[in-house]
């Protein structure tokens, strides 16, 4: 793992633990739904990951984009598939999405670089 | 076609013609990209329609949702697949999406009712 | 009830039934959370209704605003309290909120008019 | 004036009176600022109207778009200038803006039709 | 004060001074309204702080969330009350709010840590 | 150039090259439109830059704001003109825009400081 990916995942894991330790019923159930929603059903996991990625991109949430890029990568989605999904997000969401596209590309490149 | 679907499509077609007759280069190209972006590539048409639907839903654009529901329907996507995509949009976008979910269900029901 | 309030509630109830009959686990749980989140806890019901109202207003969701205006009204919140919450929403969300403020006022007036 | 323009303006005027009669200090001052902000200063009125129009369009507020189209029209801005501003809004805001573009075109056509 | 809180407040104060020194009438009055809107009226200060916090959270503005967390903390709101408000914001705004929730928790923990 | 401006531009240029090297037709054309849309037409370059700036500000995209501040600066727009445009963005977009206004002021000050 690159330092940036590790740092992102560590902060995410640490703060999720912190939030869940507070035992707020609503928040815990939303976190739980977030896990369930992306499991295979009528749609397969890869399609769902792309849906999560596009939703995160048009809503311009960098951390959400990174999270879905990593799960997309682990699910076996190719760069070509991910880029095509991001192109739809950029068209629908407008040029305002472009700065998030830059950071998405950078993160995906780091994910690919961890392979070697 | 139900009256609501016909009315939606007629207004859309009429105003698109009106906009394109103005010959603004930027707007014409964006309309053109909108057609290209949803054609088969690394991702198939059905997956792209679902991406367009989820992007439209989390951005809470009723007309865009209707448009993608109709193209999704015509591409052969099933109700189960569409509902699963909408469930991800509702989770990511929050309960603020629910009024749009109601109108999406209503429109999909009309699409199915035109079959008989 | 005024016709507008009745029409709003009837459509809402009809489509909620339609959505829930589809038995999508994610959507059902989100609907369920929506009921739980506004029950008394560390914060009382009135405060939570105001939070739901302000969230709906700055996100500019007319149907959500109407829903929370009605529950706010039933919980005993006064016009003065509701207007003050709406004023914060207008300041935080900007003048883009004003058209929604107009419709919120109209709906609240109808809620008050049903009392006589 | 066309019926649609008259209806839009009448509702707007009626509800603004209703809101201001409530005498909430914050809301009254925001309404007041809204008048001041579009008066000539370092930028002329036409430029400011275009800024208000583009802000309203990318934030996808139909009523705000209509309001600024009417003031833009009255300030002497031409169709070509307004369309060019709307093309920037569509590019920056994405295809999600297109349904609002349709309604903007329709309203501008009605404004022009009142001239004869 | 922790370093992070001090750094946040110092930058905020420095840039507010810079902005206000420019003497733009519209901006100055908006800053002024921002102070007035959160003073006690029909609603008490604590309720208003929660409204500001929830509006900031669903609009996903980290700096606004931090500002309202600090004023909420100073007004005597408890962690339980703040978390319950944040849970409503997360439900209404969707999982896209979660990254902001992580940073809100981190900031609140720092506020509590300054007490000792 | 100040270090911050140089760093911003270098990252932007590097990642744009990276994105365009991927040869996605949709993304490339959107980048291309972005260049065309801000060239002189019915509206002059300065007016278009202000439109891009206000759109970026109300949509709260810091990188887009910085980009348009720099092109605005290079096009000869004065501080007074830019601040007046930002004041409209703050009024329309609400106090949620203020953190972005702080960063916009800081970046403009750096642009002016590079002149000496």
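Chains here go by letter, A, B, C, D, E and F, matching the order in which they are written, and residues are numbered from 1 within each.
In this section, a contact is a pair of C-beta atoms (placed from the backbone, for glycine too) under 8 Å apart; a residue touches a chain by one contact, two chains touch by 3 or more.
Listed by chain with UniProt protein names: A, B, C, D, E, F = Alkylhydroperoxidase.
Bear in mind the structure is a predicted one, so any value in this text is a computation, not a measurement.
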Neighbouring chains shared between chain A and chain C, ordered by label: B, D, E, F
Listed pair (B-C, A-D or B-F) duplicating the A-C contact set, over half by residue number: B-F
Interface numbering overlap (same over half, different under half) for chain D and chain F: same
Centroid spacing, where centroids are CA-atom means, of chain A and chain E in whole angstrom: 27
Whole-Å gap separating chain D and chain E, where each centre is the average of the chain's CA atoms: 31
Chain C and chain F: spacing of chain centres that average the CA atoms, whole Å: 37
Centroid spacing, where centroids are CA-atom means, of chain A and chain B in whole angstrom: 23
Multi-chain contact residues (two or more partners), chain A: 25-26, 30, 33-34, 37, 55-56, 58-59, 64, 83-84, 87-88, 90-93, 95-96
Topology of the chain contact graph, where touching chains are joined (line, ring, star, complete, other): complete
Residues on chain F engaged by chain E in the complex (per definition of touch): 60, 79, 83-84, 86-88, 90-91, 95-96, 98-99, 101-103, 105-106, 109
Chain D partner contacts - residues on chain B that touch it in the complex: 11-12, 15-16, 18-19, 22, 24-27, 30-31, 33-34, 55-56, 59, 61-64
Sites on chain D touched by chain E in the complex: 25-26, 29-30, 33, 36-37
Touch list for chain F against partner chain C, complex: 58, 90-97
Residues on chain F engaged by chain D in the complex (per definition of touch): 30, 33-34, 37-38, 41-43, 47-48, 50-52, 54-56, 58-59, 64, 78, 80-81, 83-85, 87-89, 91-93
